[in-house]
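Worksheet: one structure, shown below.
We call the chains A, B, C and D, going by the order they appear; numbering starts again at 1 in every chain.
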Amino acid sequence: MSLFKERQYLRVHVDREPDDSLWMKCKSCGELVFKRRVRENSNVCPSCGEYFFQTSQERMESILDPGTYEPFGERLVTDDPLSFVDSRAYRERVAETQAKTGLDDAILIGRGAIEGIPVVLGVMDFRFIGGSMGSVVGEQISRAIEAAVADRRGFILISSSGGARIQEGMFSLLQMAKTVTVRRRLAEAGLPFVSVMTYPTSGGVEASIASLGDIIIAEKGAMIGFAGRRVIEQTIAEELPAHFQTESFALEHGQIDRVVRREDLRTELALALGFFVGAR
Amino acid sequence: MSLFKERQYLRVHVDREPDDSLWMKCKSCGELVFKRRVRENSNVCPSCGEYFFQTSQERMESILDPGTYEPFGERLVTDDPLSFVDSRAYRERVAETQAKTGLDDAILIGRGAIEGIPVVLGVMDFRFIGGSMGSVVGEQISRAIEAAVADRRGFILISSSGGARIQEGMFSLLQMAKTVTVRRRLAEAGLPFVSVMTYPTSGGVEASIASLGDIIIAEKGAMIGFAGRRVIEQTIAEELPAHFQTESFALEHGQIDRVVRREDLRTELALALGFFVGAR
Amino acid sequence: MTDERTLDLLEAKIEELRQLNAIDGMDLSKEIARLEEKLAVLRQDLYSNLTDWERVRIARHPKRPYALDYIASVFSDFYELRGDRIVGDDRALVAGLARLDGRPVALLGQQKGRTTEENKERFFGMTRPQGYRKAKRLMDLAERFGFPLVSLIDTSGAYPGVESEELNIGGAIAENLETMAGLRVPTVAVIIGEGGSGGALAIGLADRVLMLEDAIYSVITPEGAAAILWKDKERAREAATALQMTAPHLLNLGLIDGVIPEPLGGAHKNPAVTSAALKEALVRHVNELSAIRLDQLLAARYQRYRNVGRYTTRAADASRGAP
Amino acid sequence: MTDERTLDLLEAKIEELRQLNAIDGMDLSKEIARLEEKLAVLRQDLYSNLTDWERVRIARHPKRPYALDYIASVFSDFYELRGDRIVGDDRALVAGLARLDGRPVALLGQQKGRTTEENKERFFGMTRPQGYRKAKRLMDLAERFGFPLVSLIDTSGAYPGVESEELNIGGAIAENLETMAGLRVPTVAVIIGEGGSGGALAIGLADRVLMLEDAIYSVITPEGAAAILWKDKERAREAATALQMTAPHLLNLGLIDGVIPEPLGGAHKNPAVTSAALKEALVRHVNELSAIRLDQLLAARYQRYRNVGRYTTRAADASRGAP
């Protein structure tokens, strides 16, 4: 979904420097910073603290213990069940995005460890059609949860999604039902689900799996909400509060447990998961 | 509790005519009305519709099918566990109230039928120290619920209470825990609990058993709330809304299911209970 | 092709002729009969080949029967239960107990308004968090007493507004989904008009999902999709087709379990006939589901939603690996 | 009798003398020793014969350790969880996970503020519906994962205000009670300061209910009781005695399970010692409860609350009958 395309990327900038360059210029402070240091710092500018965009692969790396990431399961691609064409064919849009990102769809799942605690981790990727949830995202989340249950590990989902994948129509909407249905298996097995909301966590993802964490953590700079600002502004003639749908809005209104800086996310997750190791 | 003593008896007037008189004068419309007609009309003025105070006996009569009321269990009186004395001894206050009302404490319980549907009914009586819930009220509610479970009947509680019985200290507070604990037995047995809130349903009764009805019905003219107006006004410098803690306030704020006129309560209860006859 | 209004005019003319015929004694009966035949043919043409967009328009038709209309005609003894016990009572989602062919059921219905007044009260049929939490309460009540749960879905979507977000509307919808996924009673959902995205699905994760013939069910409104995907609101017709949001499409895609027929021209042309068809379908499905053992019912529901989606497994290749 | 302030002054003087002694080399050690003995005797006199009203004052002492102080000293790894997922986050009731002697527990604590700023944030320690619903969420979490639940109670009462009533504070308290009555994990509640009526009980329906020695637990504040029963706020002392709200009284009445000793003068005189005693008691009770089979735990909890109350059966007589 492109609902968010024209919105300001609060504190989030895609790193567009050519891949072979060792240095990049921070758009916020203007400093030339060593790319590897940025990577090692969870894509946070070492000079000014600005957050750069993090791909799903980069998040996997920055959260899991080095060398523990183990992708699993099959590679899945959408069937384009509606043979959908808008300004262009969905099939082409997907193929092009796959080529550009190296992803099959808007999520990566894998096993790994965080400070030694085994987990199953799912990371959504906003670059893939706005991180929208279609058949593949729904299926991969389901498989990740099933793997967590089979291995008796906690499950972590890092959301970054504009919502449903419009191009898959009702198949997309029903992924909300699907992920929530499978999520119950974790609860029945007494295994924890930690939901991490980043920029943006909205629409059908926010209104299903992402809101059902036993613990819900928001990354600083996250956008959290159901309806898009534009939709709300069009429906009602209300002035939106300044911090509307920010992580502090969500915290103030009781929707999330904690706000963490990206640099601290890994430690934070280890701390949270620690309580559940060996529980029930 | 006398929290409500100085408050206006919204639409509620105690019938103070001597008992041998056949007629009474309505304080609202001034008409002389035939007492028996008033009784038959759920203590609602046949001339102007004003509500007169209804004792627990009168409520039993007006709600249950004629001749079906069957009190059960033992007669219980408080032990005065704190040997409490304020401006006078609690023991004396109780004895005097017993003599004046013919009640043992602030509740009547009994079996009966409503339009043929067998029920267990508890009716609180505001005349008995403000309908406050002490050891006896808590125990009788518990016994009523246990009887309902044993007979597989629905349970109805008609509340009229200022809250806890201060004079019994923590014994009184713990009746909240007691009634709620026993209430779970009804749920486990798949039997319905209909809570009827009248003037007033507040404090410890509102914050426990009365708020846990599967269905919550308010009588028109009810007062529903946790804290007393005076306490709120003293704590905060807020202006209280005009309809604060009225039945329409409770309905607007999603706290109750329905508002009914007293004359319709019997029919209303039969309608509600009908759904549960033969359920699970 | 002739449109609905022209046909309505023609019908009115025929009625005038019939009255004339009756009064003046002049015999127009043959002419009237011929006109009626013609009208029937035109109507058949118009409605039996409805485009997706025409169905969208019927689904939103201001005269279309709403939830409370069906609640009155299909069920008996409706006993409304109000309030979420937390914040308020959302009049855009009515809830209560009722009897379906004598059997007690828990009932949820999304309710639009007809007049300005009603629409103000009903928030144009858009459900707020208060409504979803009331629905949750009814789901819990249904489970406690073993009542089958019936949802009548008709909303353009959950209400988008500041208060909705403040009250965590996304979380409320998610919680309803979680509750319905595990609800230990039979559940049937019927889209009676508009099935608007998550706002509809929130009470629609059921054992049987049915649609009235001219209802729609979609991840987004055609207008919303047109604005986002085509950058052009005017292309809603195209979007409506592309999204396959009508009952026949969704049945064909295997996403719903049945289509309940409507009279030619839509439910509002003959509400009584529609109600009868709805009732027949509800009774049948509730009866079927009630005959299934609970563990099997839950297992089937699990499989249904676990397996929804269309994807293909890619052959593993060298490009895959750790980052 | 000497009061607390005089003793504090005396203690300060002794400390000054001690410093003088160290600096000037003049030998005051005997005099100092004698003064210290005297101080100890006075303190013993003052605190070991505390009146109920004096206990009320200690329970409310502005220097008394609050929930977060104990959370830091008794538990490790406190991981705060915020929000009710519905309306907001009440800072007057903190909640989270923590370790008690290494064992994960779910933790609830009612938190007062010390400064004006803090009190504004913490609503003077008075819990709002948002807080009770957050507590409910933690109870559910505790049950899902088998964490014992520990409540640290310290509130003058639930927050009385228009918003509280609008958000159904009574219903929220009732729901907490219902949840705790059936919670399938061991539960321990400790009144660490003020146990103010329903606002305290809401998180206090536990398998074990303990009190710090100088804490109070009452159906109403002494001031409230004085105003209502004596029509005279000044008679709060009398009310405090009559209501039997101190730990020794409530232990004697069989309403609590244990009293955790405090240093002479109250917990604030030696928070470390108090924390150690609190920790010892919590560990012991949680261990004991965890060793009990769940069905027996629930049965015992049921009996405990089913049977609370003091009444006498009246001989049946003729005055009883149908109305």
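As a convention for this text, a contact is a pair of C-beta atoms (placed from the backbone, for glycine too) under 8 Å apart; a residue touches a chain by one contact, two chains touch by 3 or more.
Worth saying up front: this structure is predicted, and the values here are computed from it rather than measured.
Enquirer: Spelling it out: a chain qualifies if it touches subunit A and also touches subunit C; which chains qualify?
Expert: Chains touching both subunit A and subunit C: D.
Enquirer: State the pair with the higher C-beta contact count; candidates are B-D and A-D.
Expert: Looking at contacts between chains, B-D has the larger number.
Enquirer: Return the distance between the CA-based centres of subunit B and subunit D, expressed in whole Å.
Expert: Roughly 32 Å separates the two chain centres.
Enquirer: With chain centres taken as the means of their Cα atoms, state the distance from subunit B to subunit C in Å.
Expert: Between these chains, centre-to-centre, one finds 42 Å.
Enquirer: With chain centres defined as C-alpha means, what is the inter-centre distance between subunit C and subunit D in Å?
Expert: 53
Enquirer: Could you list which residues of subunit A touch at least two other chains?
Expert: Those would be 211, 253-255.
Enquirer: If I count partner chains per residue in subunit C, which residues reach a count of at least 2?
Expert: Touching at least two other chains: 85-87, 166-168, 171, 175.
Enquirer: Does the chain-touch network form a line, ring, star, complete graph or other?
Expert: Topology of touching chains reads as other, fitting no named class.
Enquirer: Can you list every touching chain pair?
Expert: A-C, A-D, B-C, B-D, C-D
Enquirer: Mind pulling up the subunit C residues that touch subunit D in the complex?
Expert: Against subunit D, the touching part of subunit C is residues 85-87, 129, 133, 166-168, 171-172, 175.
Enquirer: Subunit A touches which residues of subunit D in the complex?
Expert: Residues of subunit D touching subunit A: 77, 79-89, 97, 99, 104, 130, 134, 141, 144-147.
Enquirer: Sort out for me which residues of subunit B touch subunit D in the complex.
Expert: On the subunit B side, the touching residues are 1-3, 57-58, 60-61, 69-71, 74-82, 84-87, 102, 104, 134-136, 138-139, 142, 164, 166-178, 180-184, 202-204, 206-212, 225-228, 231-232, 235-236, 238, 240-241, 244-245, 249, 253-255.
Enquirer: Using the touch definition from the top, list the residues of subunit D that touch subunit B in their complex.
Expert: Those residues of subunit D that touch subunit B are 158-162, 164-171, 173-175, 177-178, 181-182, 197-198, 201-202, 205, 217-220, 224-225, 228-231, 239, 242-245, 250, 253, 255, 301-302, 305-316, 319-323.
Enquirer: What residues on subunit B touch subunit C, complex-wise?
Expert: That would be residues 187, 190, 192, 211, 214-215, 251-258, 271-272, 274-276, 279-280 of subunit B.
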